[in-house]
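One structure, as C-alpha cells, below. Some questions next.
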Amino acid sequence: MVNEHIEIRNFSVCYGKECALKNVSLKIPNNAITVILGPSGCGKSTLLKSLNRLIDEVEDVRVEGEIIVDGKNIYDKDVKLPELRKKMGLLLQKPQVLPFSIYKNVIFGPKLNGIKDKKKLREMAQKYLTMAHLWEEVKDRIYEPAHKLSIGQQQRLCLARGLAVEPEILLCDEPTSALDPLSSKKVEETLLELKKDYTIILVTHILRQAKRLGDFIAFFYLGELVEFAPAKEFFENPKDERTRAYIKGEIS
Amino acid sequence: MERIKREKLFVLLMKLSLAIFLLLTFSLFTSIFFKGISFLSFEMVFSKPSRGFYMGGGGGIFPSIIGSLVLASSSTAIAFLLSLPLSIFISLYSRSTFSNFVRNFVDLLWGIPSIVYGIFGFFIMIYLGLKASLLAGIITLSFVVFPLILRSLDELFQNVPFSLKEASLSLGLSKFQMAVKVFLKAIAPGMLSAILISFGRAIGDSASILFTAGFSDNFPISLFSPTSSLPLVVFYLYSSPDEEVSGRAYAASLILIAIAVFISIISRRIGKRIYGK
Amino acid sequence: MFFQALKKFFIKFYTLIPFFLFFLIFFYLLFSSLDFLKGRSLTELIFSSQWKPLKGDFGFFPFWFSSFYVTALSALIFIPVGLLISVYISEYANRRIKDILKPFFDVLSAIPSVVFGLWGFTVIVPFVSRMGNFLGISTSGYSILSASIVLSLMVLPFMITLCISIFEMVPFSLKESVLSLGATRFEMVEKVLIPQCKKGIIASIFLSLGRAIGETMAVMMVVGCTFKVPKTPFDPAYPIPALIANEFGEMMSISSYKGALLFSAFLLNLIVLIFHFIFRKAFLRNS
C-alpha cells in the first residue's frame, strides 16, 4: 500500500432509524481495484453513492463521519459538488445513456467543462471510445442515437462517457449485472486495463468476479465493514467467521 | 465559477416565480375572503332574495345554492350513469385499436371549451322545444361533465393491475361478472373521487349554463322553469355599483371556494386511502 | 345467435357515443356557419374590422386578434413561470414543500372561473390601471394585460401539475448519471431533463393554450369588451368567447347575427381542436 487519496473515517449513513452504514473506516489504495463485496442490502451501494455525494439526493438521510479525498473532507460545506463528482466516474448497474447520439454522449462531460473545439472533441470521443473497447464497433455510426446500441455496448458507452470527464477514480456499481456474459467479459477486461491509471472501486456480490478483478477486498455485512485485506490473503486466509461463511456460500 | 453563478441565477428565478405565484393566489383568497365574509350572514345563506334584492334590499342567495346543487348533482349523476357502462366497454370488451379510437374522441370532447357546450346545449334546448330552464341547464352541464368523468373512469380501469384481471378470469368468471364484481370494487374509491371532482367542475361552470339555465329568484321547483345558480349570481351581481348587491357576488364566490376546498380535501383523502393500501 | 349479434351491435354503438357527440357538435357548428358564409367573402370576414350586425357587416378581425393577443401574452407569462416552478418543485424542493404545494394546486384548479374573474375585477384591474397611470398610459385597467394575468394564474396549476408528472417519469438513475459527470443540477435540467421531456412539455403547453383560448367568464370580466382593435396590452379587447357569451342570448332575432356568432364558435372550436391535435401528436410520439 503506497498512498491513498480516499480515506473513509468513522462513516455512518442512516435513513431515519435504519442505518445502512455503521461506523466504517477504510483506506482505499490508489491505482488498484478495490472490490466492495457483500450480500445485497449490506450497504455497498450506499457507500459508493456517499463517495460522490449522490447520497445527498436521497431524502431524510443522515450522514456522520468523514470521507477524505485528496486531503479534504468531501462533506465540508465549501465543497463544490460538480468538481467533486468530476473526479469520480460512475458506472451504474443498468447503463443509462443520455437521449442523444453516441458522439454527444461521450463529449457531454468535456463540453460541460468548456471544451468547444470540434476537432479536439472528436479526438477525445475516439480516444475514450477506444479505451472502453467500443470504438471499433461504432466508429461508422457515432452520430446515431445511443439507445440503439445493445445493452452491453451501452454500458461501455457509459464507461467512455465517464472516462471523458477525466476522473481519477472510477466507481462501479455492479456494472456487469445487467449484461450478457460476453459484454461482461469485455467490461471486466477494460477495468483491468484501466487500473494502472485509475483508482477503481467495484461493488459486486459475485465472488468469482471479486476473485478475477480484485486487488483488495472489503467485505461488508449488514452495514459493517467486516474485513479488509489484499485479495489473496482475503480468499486464502480469511480472519473473520462471517467472511469464511460468505466465501463458502453459507450466507448470501 | 461561471457555471455555479448560472445555477444560482436560475434557482433565484425559480424561487421568484414561485413567490409571485403564491403571492397572487394569496391575494385571490384574501381579497375574496375579506370582501365576502362580511356579507356571509345566516340570512344570506338561508333566505330567498326579498323584494328590492337587486337594489340592496334584504334577503339571500339560498335558491342559488340549492339551484347549483341540483344542477351539479343531476348532471354529474346523468354523466356518470352514461359513462360507467361506456368505460367498461372501452376497457374490457373492445379491441385496443377501437378503444383508442374512441378515447381520441373523449379527449377531443374534453378539450371543447364550455362556451361551445353552451351553444350546443342551446341548440338541443330549442330542438327539444324547451326554454331556458333547470332541465336545459342539467342537459348542457351533462355534456360538459361527461368527457371529464368518462376520462377519469377509463384511467381508473386502465390502472387496475393486469394480475387482477388474470386472477378473476382464471376463477372462471365471465367478462361481465369480472367487470361488475371485481373491477368495480377495485376502483370504487377512485370512482367516488372522480364523481366529486366532476361535481366540483359542474357547480363552478358558468359559460355553459349562461344561455340554458336562465336566472330566477325562486327555488328550482319545476324542471321547466328557469333556475338560479351560484356562478351566475357572481356574474350578474359583481359589477353592481351598490355595494350591498356586489357584496353578494363575493359571498357567493366564497361559498364556491369553500366547495372547491372541501372537494379537493375529500378527494385527496380518498386518494391517500387507495395508495395507502 | 340473433341476440348475441344484437348485443354486440348495441355495445359497439354505445361505445361510439363520444364519436357521435363530437361529430354532432362539430357539424352543427359547421353547417350553421356554412349558412352564414353563403354569399360572404371569407377574407373580408376575417380581415375586416367593421362590426355592424344590423347592417350585415361582420368583420371578425378585432375578435380573433383579441383572442390571440390575450392568449399569446398569457403564454409569455405562464410558459416560463410554469416551467421554472415545475423544475423547482420536481428537482429542487424537498418533500415537505412538495407535500404542501401539490394539494394547493388541486384546490386552485378546482376553483370556478367566475371566482378568478371576480378576483381580477377586484385586484388586478385596479392594479393594472395604477400601473398604466404610473407609466403615463391612460387605461381603465380593463385590458389585455389584466386578462392575461388572470388567465395565467388559472392555467398555471394545470400546467405545473402536468409538467411535474412528466418530469417524474424520467428515471432517477438518468439524473444520477448526469450529476455524476460533474454537471450542476441546473445543467442536468437544461441539457438532459428538458430535452428528454421536450415532447411532453410541448403537449402540456398546448393543452394549457387550449384552455386559455377557450376561457370565457374570467376573461370577459376583466378584458373590457369593446369593439376596437387593441394595440398595446393596456387596451381593452374583445376575445371570441366573450363575444359569444355577451351577444348570443340577446341577438337571436337577427338570423345573420346568430349565424355570425355560430361561425365564431366554429372558429374557436377549430383553433382548440388544432391545439389538441398538436398535443396528441406530441404526446403519442413521446410515449
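First chain written, first letter: the chains are A, B and C, and each begins at residue 1.
In this section, a contact is a pair of C-beta atoms (placed from the backbone, for glycine too) under 8 Å apart; a residue touches a chain by one contact, two chains touch by 3 or more.
A quick note: this is a predicted structure, and the numbers were derived from the prediction, not measured.
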| query | Whose C-alpha centre lies nearest the centre of all protein C-alpha atoms? | reply | C
| Pair exhibiting more inter-chain C-beta contacts, B-C or A-C | B-C
| remark: Relative to subunit A, the most remote chain by C-alpha centroid is chain B
| Between subunit A and subunit B, what is the gap in Å from one C-alpha centre to the other? | 53
| From the C-alpha centre of subunit B to that of subunit C, how far is it in Å? | 18
| task | Please work out the Cα centroid separation of subunit A and subunit C, and write it as a whole number of Å. | result | 49
| Where does subunit B touch two or more other chains at once, residue-wise? | 3-4
| note | By the touch definition above, subunit C meets two or more other chains at residues 184, 187
| query | subunit A: which residues touch two or more other chains? | reply | 82, 112
| note | So, in the complex, the side of subunit C touching subunit B is made of residues 11-12, 14-19, 21-22, 24-25, 28-29, 80-81, 84-85, 87-89, 92, 103-104, 106-108, 110-119, 121-123, 149, 153, 156, 184-187, 207, 210, 213-217, 221, 241, 244-245, 248-249, 261-262, 265, 268-269, 272-273, 275-276, 280
| request: Give every residue of subunit B touching subunit C within the complex, in rising order. | output: 3-4, 6-7, 10-11, 13-15, 17-18, 20-21, 24-25, 27-28, 31-32, 35, 82, 85-86, 89-90, 93-94, 98-99, 101-102, 104-109, 111-120, 122-123, 143, 146-147, 150, 197, 200-201, 203-207, 210-211, 231, 234-235, 238-239, 249-250, 253, 256-257, 260-261, 263-265, 267-268
| Residue ranges of subunit C in contact with subunit A within the complex | 94-95, 171-184, 187, 191-192, 195-196
| Contacting residues of subunit A [partner subunit C, same complex] | 52, 54, 57, 59-60, 81-83, 85-86, 88-90, 92, 94, 96, 98-100, 108-109, 112-113, 158, 161-162, 165, 171
